[in-house]
Structures are given as structure tokens and as C-alpha cells.
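A, B, C and D are the chain letters, set down in written order, and residue numbers restart from 1 in every chain.
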Amino acid sequence: MAEIPKPKVGFYGFTGCAGDLLTILHCEDELLDIFNAVDIRSFLMASSDVHDDEELDIAFVEGSITTDHQLESLKGIRKRSKVLVAIGSCACFGGPQAARLGCGDWEKRFKKVYGEVKHTVAEPRESHPLDEYVKVDYCIPGCPIDKHQFFFALTRLAKGMPVELTTFPVCAECKWNENECLLLKGELCLGPVTAGGCNSRCPNHNLPCVGCWGPTSEANVASEINLLKERNFSAEEIVNKLRLFGGAAMVRRFADLLGIKTEEPAGKPRQKKARKPVAAGKAKKKTASKSPKAKSGKKR
Amino acid sequence: MKALKLKKEDLYAYLESLKSYGELWGPVPRGERYVYARLTNVREVALQALRTILPPKKFFVPPRFNMFRYSEDRYTEVFDDVKPRVLFGLHPCDIHGLMILDELFLERFPDPYYRKRREATAIIGLSCIPDDKCMARSTNTHAVEGGFDLAFNELGDEYLVWVGSSLGDDLVRLNLDLFNEEIDAQDLQKYLEWRRKRDSRYKLNFDLTGMPDIMELSWDSDLWQELADKCLACGACSMVCPTCNCYNIRDVSDLSLESGVRERHWDSCMNKEYALVAGGHNFREARAERLKLYYTHKLKAFITEYGKPSCVGCGRCIDTCPVNINVAEVIRALKGQEVKV
Amino acid sequence: MSLNRIKIESLARVEGHGGITVEFKGGKLSNVTVDIHEGPRLLETIAVGRIPSEVVSLTCRICAICTISHRYAALRAMEKALEIEIPPKVHLMRELMHCGEMIESNALHVFLLALPDYLGYPSAVHMVPDHAEDVQAGLRVKKFGVKLMELTSARPIHGENPVIGGFGKYPSKAELLRFKYEAESLIPDAERGVEILRNLRQPTYMEEGMTFMCIKPEHDRYGWVGDRILVSTGEEFNAWDYRKLTNERVVPHSMAKRSRFQDKPYFVGALARFNLLGERLDGAAGEHFRRCYNLSWIRNPMYNNVAQAIETVWALEEVPRIVDKLVAYEEDPEIVAPSRDRGAGSAAVEAPRGTLYHHYEVADGKVIRADIVTPTAQFLDMMEQHIRVAAENLLKEGDTEDVELKLEMIARAYDPCISCATHLVKVRGI
Amino acid sequence: MTDNSQIAASAPSANPFMPEQMRIVRRSDLTSDVRFFQVRPVDMERALSLDYKPGQFMMVSLAGVGEAPFSISSTPSRPGMLEFCIRKVGRLTGELFKYKENSIIGVRGPYGNGFPLEKMIGKDILIVVGGLGVAPLRSLLLYILDNRDKFGKFYVLHGARTPAEMLFRKEFFEIKERDDLECFLTVDNDPTSQWPFNKGVVTDLFPKIKELDPGNTFATICGPPVMYKFVVAEFLKLGIPKHQILMTLERRMHCGIGKCGHCAIGSIYTCLDGPVFSYWDVLHMKDLI
């Protein structure tokens, strides 16, 4: 096959903890290979050698958008990049800072923290994931991402191929690792509704999944909520847990289940995620429509 | 089949001598459950174990393994973890489970990855008294006549040891002195008594002979949608079932982009993308359809094809599903009984 | 020379988004600001109304570089609030995970972020052709730190294994011993960093006296955790009086709040720890300290790099000491349950870049107030001051070549962590 | 235990998952997104001994990309090579389109039941194809033409959306000229207005079938899903028995040899027991289409 030139890659970070970019920097054994495989044009956290106005083949973007300035940079990155990949739960779902999305109290909370000072450095706004503003080609979830899934995506994209990410929830890997099920032991485990790919790290350590990879593509949140209620968890606690890392995705996809009123984000029309599994919309309606109890007895 | 006896007190000594054949594996506790683990210390073996979290299929088709290493257009087979092993403590249902996998993986187009691991492994069965989740009597998998190299049957302070293969015979010879070849009428009595006791302990008793018909007639039942509303589609039931065998293949490139591996890992028909094909058509988009496939496979298709269900009654799905969808509940529901789902 | 304004839009090789603006009027310096344009996250407001365990998972996400320190501080504060006494084995595990972060973060900063400045490369990757061994040594040490964090916390970043009252799972003795031996074998690599930095001439154009602060360890050895705070003025404070020390305020050019002590900027970090506790350092680290220390250390922030290098050696020496004690325990303790569902607790731990405070108030099992003060928020004023002095001196001497780099180097010497600095602030229940 | 590890990849291996090396000897575009590939085993011995049945498929394998099933479009009566016609739809097909003539690809097979030629011999044959359905049926068509004397009357109906989208257009024009079969072509619409043949859907061609002995006829259909319902209705109207109506079905496949489970329908595997099924199978086996 023909020699393909090394793809030009940029790494960018917006609001978040920098954990996804740091996960990449933590790959001591592979770092040099990464720099060999692709032509890294920008990685501010690792290098001051940045080229910030050229065309890119792939842009990896971490963090959510919380200032006007970031929004402008994001649009710039989108314009310059063939493929834009959101990495980490903040970029994919808005992150923990989006856990109160839709509650309508952002300004109040902002004032609580910063008072009346008018900031000159940035015009702040409530946290939203990238796909609220620009087309996102792939979402690699995780708080932070897992390096193997990142390498898989990187190698696929470097060869110009599409990427398939884990479609199972955490439970599948949890069984591979032969853990005792914590949900069955009465703990509040979000494994069944959380995207897999982390190798079920928390259940491996006898700890329930807190949902840090955000919702899986076919999360049956209604059933999970019913189950947890049967186990005597309060609705508030369940909803808090679901929203902490599920952020905008949980809020939007499961708003009626979580008892949340959704407000559309200021201005921008919502873009559809490119790699949403086909007809996710249909399944969503199905799971979201009625509780199973309401359902039985009715004719379908 | 040859039968011998081994004193219970000699079990550990015998297990120790098995190590000269290969790695010794057996059930050990994990929290309140059990898993098959390497027995470096033979006394760690949990003889009271009923079902392990994962069935022995994990030895022959590991959850994730590499089939090939490739570079450019050359493929090199990988058999890294094929090594002589003794699996001790398989209950009859699990041995039956392996026999079902044998049919799938060894008959038409034998799968070398399965075959090599299987051939390198000695299987030693162990009898058990069922708990309230076992339904092996209904599936007629509560006793074994084959599929093992040795099978230990509890008999008071001794084990009755069935030798099921020539490899089994070799294994006995690793420490022949421990075995007693004289079986008397009393032993037969004890054995029959033990069988009666075992058979009387089954709490789950189903007549599965008519299941294909019942499934056929329930094709359009509301039941499937009702189950689907609860089902978390997490796939755990498939992972733990000894006869579920679906897998996916994916090529994972090294960072050099020039070489990599063709990897195989467990899949489940409960996975949403299980039947998704290029262009976006999904043959089993609805969770209800996927659930139906799972139970068609367990309770209908296999019976039609081989005259027996592909459920071996191990009870793992009963022990695993967080929302209590399992083969027993589904049978009850299909038969119009009250269910807890 | 017609310099009006130096603007470094984005600081490279620091965590988070910050810049520096230096303005001149009529040849005189008029204004210096370290601008933090990291977006706000308001994480403390997200904490309110949640159960303590969730808040621990949340607040460690403030920063990936200091995730262990955040988690450690949060756990200590929550355990105080909920009156939980943790068993000694849990203490030891926490010390071990803390070592992991110190080793990782310090090695990353010394070898991969600071050294390129001194040696004149844009990044560690660019250093490889000429200094492969140094980069490799740094990577080995850093990798060990990452693995140690993974071992103890379940993941290199944001591991959930350390929980209120204990750990979900403990590593086996065999694993622990493997880490002990590896730590021992890596000490020469860490010492390499000390040697390189010791032989380099530190720039002096920013020198200016400073106030230092750090935690006073509970024992008489060197350490990073305790309930009292030492100040170089000779004063001592209780950690729960952190408000008196830090006095946060909001400034328009920064999404991070600013702290001052007695209306003066102050320094926290390895340099502060060494200035205040350096004589407590033992082992090879102690020897290095005594060899390297000089009076410039109280005026020159660039020595923070040297202090971090030596501290990495100390942390590597500490790992075997902790492991030896850990393997003596046969049983893994159960997770200790809270003895009450209301209360308040503040705790301090030394993050690699300085003292970190977490404070929580809990009522009816829910957090009603969260307050976090990070090291970067504390030293930003000090950093601004050093940059101002540097700019003035450089201007005076007409030394304007590479002035951006020279100022940036000062900022980097602090090892700032801007995401940390941006999300912390007190909030009362809403 | 890594015996076998150096099996020459160009010879058939004991490992059914091991792809054989084949060379792309010819490729050409049939439409904007469908490409014709002719491949030949690198090993000449093997090339000459290649054997398969019309209706069978092969797994095409690209290192680092993956594998996917494709029907064989060539006929075993013209040995030494294999032909495929492949639509670019995803990862593997996307990559395959980047492969030029002379490149080496991996192929394994043949798999599947194929058409029941033994039963079809001596019978009348009716082939109905639409769109990419040509892929498997071209094999049968060419096979019958090469063994024309073994079959009875022979009808071929071929439909496409537009003339440009008609696969193997030239080949069919030539076949149409032959006098040992009746071949009718149709397009749904014709933007060029140059189309000399029928316009309309493929079922419109059925009145042209005059002399079939329905009880003695095998009818085959392959095409886009919408086609099946209407065409099968026509077959039934003609009086062709349900078990003599044959169709090839598609399912997700990862192995092609009945192991991975993805193509399971009830008790059968599409890859082993199919992909050719009769309409009777479809009727009595739930879930088949």
C-alpha cells in the first residue's frame, strides 16, 4: 500500500482537570512511539513548540466549554481539523461541572463563588460539552480516558479508519474480571448504565462504579432507577449519582426519568453526535416512555 | 468406565501430585462466591464451592485473547497461554457445558484456539449437592457419564473416582498408591443413597421437553417486552453462562502502525450492536428481540437441533442478573406462572 | 528599545491555561499580571447537597496532577467532620500513595518541564537526541510514581480506591515488595536530576525575599501531612485556621482567587518545605540538601526546581520504609464507618506544589459547605511579584533578549497548577 | 507451545481462521461506490485447485483492519480466480478500496451452503436480481451459462434504479443478446433518456415470463430488502413451490464458520446453513427476515 504521510495531530484542553492529556503524558513507554507515529503539531501541556493555525488531520480535545474565548478557539480547531475527537467526560458530556445543567442556577452559583467582580480575562458561561457547539466525530469517554482505548482510537484514525469504542456497560468487563456484583450486595453501583472500557476498575477494588465514563449507548436508566429504589436508595441520591459524571448527556437523554426540566443551552442549536449508534433515538424513547409497572397490562 | 476409591484425607496429597502434569486450578473463595484460580497451595481449594462466577469456558475461550500477530500481510498464530493444566472441581453441569462447547468448537471447522487449550487440559469432576438455584436435574445435566478425565464422587469419608479417559488413567498413576481398587456392595449402596439425596435436593424442577413448542407459541407474547423494560442489556448473563460462546474480532494496531494483533473477545447477543451491519441496519434493534434470541438459543434452538437444551442448569444467570431475568424465571413466565421479574 | 507590552498568551508546560502580561509606560514598568483564563467550574457548588463519598470523588477531579493530594485532603477533612478514626495500615497506604504523586509530579516537572528551559529546548522530546539518558531517567522515575499511584488508588489519575474510612482493596505483599525494590533501584536516576540542576547556574534577575509556609509534620521527620502550619515569620497556626493564612480575594484578570498572608504574598511548595524543614531530611536526600543549600534559597524561586529534585529522592527512599511497615500487617482493615452524620472538618496536606486545604461541613449526611484552597491560588501573588522584579531588573540592565522565556521560566519554576487554582472557593449552601 | 506458528500464509492452513494470501489481479469500478475485484491465490497450485459453489462467500481479511464476508461473483466453471463485487460502506470496504492491482489481501473460505445445484440440475431457472444482489447471483448465472445443457428454460430479470447503477451493465447487454436464455433488464428511472429497455420496477417484467413449468422451476432472488416481498408474491403467483424459491440472506458475521454466533437465527447459522435459504425456511423459521 502507498506510504501515507504522518497525520498532523493537535491536542487541546479546555475546562477540566487536564487528566486526559495527562493520561497521555503518563504513557512513558509509548510516548516516543506516539511522537513517531503521528506529527504532533500542538500539545501545549508538553511542549512550547506549537503551531496553532495550520490544518490538522486529527484534533483531540479535552475539557468542556465554559468561556466565550474557549468557544471561539473550539470553532477554530473544528475549522482546521478533519476529525475532531472529544476525549474525557468533560468534553463528551460536560463533566462534573455540568452536573447541575438544566437546574437554572448557574448565575447564582457563579456569583456565590466570584461575587460581583467583572472578569477581564474571559466571559464565563455554564459548562457544556463540545458537541453542543461543533460537530464531534468521536467521543472517547472516561474520567480520565483509558490509555488503551486512546491508543486504539489513535492508531485507527492515524490510518484513516473509523473507530469502534466499547458498546458494553461496565458490567460486562466486571464479569470478565470475576467480581462479586455489588449491586446484588445492595450497593449503589452504576455499572449497568455506564459505558465500559475502564476494565471495571472500581468493582475490581470492591467499590461500586460511580459512573465516571458517562452513560453507555443503551443505558436502561429507568430499570436501574427502579432497582435502586427497591434497594431503598432515595431518588435524590440516585439522581445525584447519575448526574455527577453523566453531565449533559444524562440530563438530556434521561431528563424525564431524572425528574429534571431541561433548558436548551444559551443560543446554540444542538448538533447531533456523529457516531451515535444508529437509531439511538428510538431506543431512548422506548426505555424512557413508561415505567415497567405502568406498562404491564397495557396492550402494545 | 473404571472406578476407584480415594480416602478424603489423601485428597491434598493427590492434588499435590497432579502438579507434575501441569498447572493445577480449582475453585477458591472470592468474597461470598468462588472463582477458578491457580492452586499454588492445594489446601486453598474450596471443596464446598458450588458455582464459580465464570464457568470453565474461560480456560478454553478466554474473555480476551490474541489469535494472530500480523505485520504487513503476514499472520502468525498466537498460542501463548496454551499449557498443560489440570482443572479440578468441575461439577457435572460445567462438564456438560464443556461438552456443548465441544460440539460448537470441535465439530465443523475445528477451532484450533479452543482445541489446543482443551487438549492440554485435564478435567477432574467433583460431585455436588445442589442449592436452590441449581436446575441441572431439569436439564438432565446433574450427572456425567463422560466429558471428564477423572470424576470424584463424594462417598462418606472416601471419594469414588471414575476414570473417564486414558489420560485419567495416567493421572491416577501419578500416585497410584493412594487409590484403592476394591469396590464392594456397601459402596454401591452408599453411592445410590448419595444419588437419592442429591436428586431430592433440587428445588427447581422444570419439564423442558415441550419448551420449543412453548417458545414457538410465545413468539409474539408481551412477555418479551415486559422483560426488555427491565433488562439492563449489560450482557452479564452471557458472560457467566457456560454455553454462551459469541465473540467479536477486532484488529488492534501497535503504535508503530505496522504490526498488531487480531484479537478475539467475548460478545453477547444482549449487546445492542450484536446484529448491526454496515449501512446501519440492525437485525435486533429492540432489546426484546435480543432477549428472545438468548432464550431461543437456550430453550428452543438447541433442543430442536441436538435434542437437549443448551442450558445446563448451572444457575449462574440466576445468581448474576441484577434485575432477576434468568432462565428459571423465563421458563416460569413462559409457562404462565407467577414470576418475580 | 521600544518595549510596551510583553504578553505571553498561553504558558506552555504548565497544567491549565494561564498567561503573563507585563506593561510598560514611558520606559517604566506599569503593570504585571499573571492571567488565568481557565474557565470556571464552580465545583464547590456542585458538591453542596451531595453525600460525602461523592464529594470526595468530585473534588479530586479539580486537578489531575494533584488528584492524590486532593483526595487525601478531602478524606482527612471528611473523616474529621464525620469523626472517623482510621487504622494505622490505612495511614501507611495513604502515605504510600502520596509518595507516588510526589515522585510522579516532581519528576515530571524537574526532568520534562523545567529542564528543557535550562538546556534550551522547547520540550523534553526535543531534548532526546542530545540528552537521551536524562530524559529516560526522568521517565523511569515518573513512571514509577504513576505505577505507585495506580497500585494504591486503582488508576494513575482519579483512582477511586482510597475512600472515606479506608481502602476498597489492598495490594498484595508480593506487589508491595516489588515496588520497594524498584524504588530502591531508581534512586540513582532521581539523583541524576539533582546533579544536573546543582551544576547549572540559576538566574538571579528575579531575586526577592519571601515568606514561606508549609505543614508541620506530626512526627519529627520530614513529611507532608499534619494539622499545624509553619510560617517563616516564626508563627504557627492550626490548619483549621487556614482562612487566617490565606485570605482569598477575587481579581478581574484571573479566574483563580488570590491569597495573601498579612497582606503580603507568600510562597508554598517544595522550596518552602525545604526552607522550613530541610534539616529534617534524612538519607541520601538529606546529604543532597546539605550540599546544595545556600542563602539564595530564601530569595530565589528557581531553587524550587532543585528542592523538587531532592524531594523526589527522599520520596523514593521513603517507599521502602513504608512498605516494610505495611507488609507487617496480616489483615486488611475493614472500611471504617462514620460515627456521626454531621460536623465540620478542615485538613491540610502538602501537594507537590504546596499546601492544600480542604474544608467541609456536613449536616444530615449531606455536604452543606465546601471550601478548597489550592497552592497555586496561594502563590500566584508571589509569582506575580517575582515576575515584576525580574521585568524591572531585566529592563534596567537592557537585557531584553528572550525576555518572554525568562519570565516564563519563573512562572514554571513555581510548578503552577492552573486547573487547581480555578475551582476553589468557599460557598455556602444554596 | 507455539508450534505451527510459522505456517506459510499462502497455503491452506489447519487453522480455519488463517487467511490465504491472494493478489488483486484486476479491479474496476462498476458504479461510483461498487467495485469489481478479481483475485488469485498467490500460490498457483492453490489457484488451480480452488473450488466453490455459486452462492458461497469468502471472508476478506486485511491486516490491521479486520474481516468481512463477501459473496463470490465468479463461477467455478472458470477456475483459477475469484471475483467479488463490493460496495464501499464501512471500515473494511473503505480500506479495501485503497488497494490497487497487484496488492496482496487475505481471503479465506469458501463458506456457506451455496445453491443446491444437484437439485437444480434439469430444472427451469428464474433469476431475479436487483442492485448489489447481483453479487451472488452472477455466479449462478455464469455457472448455468457455462453448463447450459444441464438446465431447462432460463429466465433472468435484472433491475436497477438508473442505468448508471446497473451493475455489470455491459455484461448483461451481451447476455441479453444470447438466444439460450431470456434476459430482461429494467431501470426505475432513466435520467439520460437513452435506456433502450424496460422502465419500471423489476416485478413489471414478470408478464414477460411465458414458458416456465412452475412446479419444475427454481426461482432465486437477491436484492434490496424491499424487493423480496413483491418478487416472492410474483413467484407464488406463477405457482413456484415455496421450497424452490431461493434467496440469499445477510447477517453480521465475524467468523464465517459458525463460531462467533452473530449470524445465528433460531437453531441455524446463516454462515453454515445459509446464506441461501428457501422461502419455506423463511416461513417456518421465525426471525429469518
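As a convention for this text, contacts are C-beta pairs under 8 Å (C-beta built on N, C-alpha and C of every residue); 3 or more make two chains touch, one makes a residue touch a chain.
These figures come from a predicted structure and were not determined experimentally.
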{"item": "Distance-to-centre winner among chains (Cα means, whole assembly as reference)", "value": "A"}
{"item": "Remotest chain, chain B as reference, centres from CA atoms", "value": "C"}
{"item": "More contacts between chains, A-C or A-B", "value": "A-C"}
{"item": "Where chain B and chain C are represented by their mean Cα positions, the distance between them in whole Å", "value": "51"}
{"item": "Geometric centre distance via CA averages, chain B-chain A, whole Å", "value": "36"}
{"item": "Intercentroid distance (Cα basis), chain C paired with chain A, Å", "value": "28"}
{"item": "Whole-Å gap separating chain C and chain D, where each centre is the average of the chain's CA atoms", "value": "66"}
{"item": "Chain B: positions in contact with at least two other chains", "value": "250, 253, 257, 260, 276"}
{"item": "Set of chain A residues in contact with two or more other chains", "value": "159, 164, 206"}
{"item": "Chain contact topology (line, ring, star, complete or other)", "value": "other"}
{"item": "Set of all touching chain pairs, with the criterion as stated earlier", "value": "A-B, A-C, A-D, B-D"}
{"item": "Partner chain A, residues of chain C touching it in the complex", "value": "10, 12-17, 35-46, 49-51, 54, 57-58, 61-65, 67, 104, 108, 112, 122-126, 128, 139-140, 142-143, 146, 154-161, 163, 167-169, 250-255, 408, 419, 425, 427-428, 430"}
{"item": "Residues on chain B engaged by chain D in the complex (per definition of touch)", "value": "67-68, 70-80, 82-83, 104-105, 108-113, 116, 120, 216, 219, 245-251, 253, 257, 260, 262, 267, 269, 274-279, 283, 293, 296-297, 300-302, 304-305"}
{"item": "Parts of chain A lying in touch with chain D, wherever the complex brings them together", "value": "1-2, 159, 161-162, 164"}
{"item": "Sites on chain D touched by chain A in the complex", "value": "64-65, 90-91, 94-95, 98-100, 103"}
{"item": "Residues of chain D defined as touching chain B within the complex", "value": "1-7, 9, 14-19, 21, 63-68, 89-90, 93, 104-106, 250-252, 254-255, 257-262, 264, 266-268, 272, 286-287"}
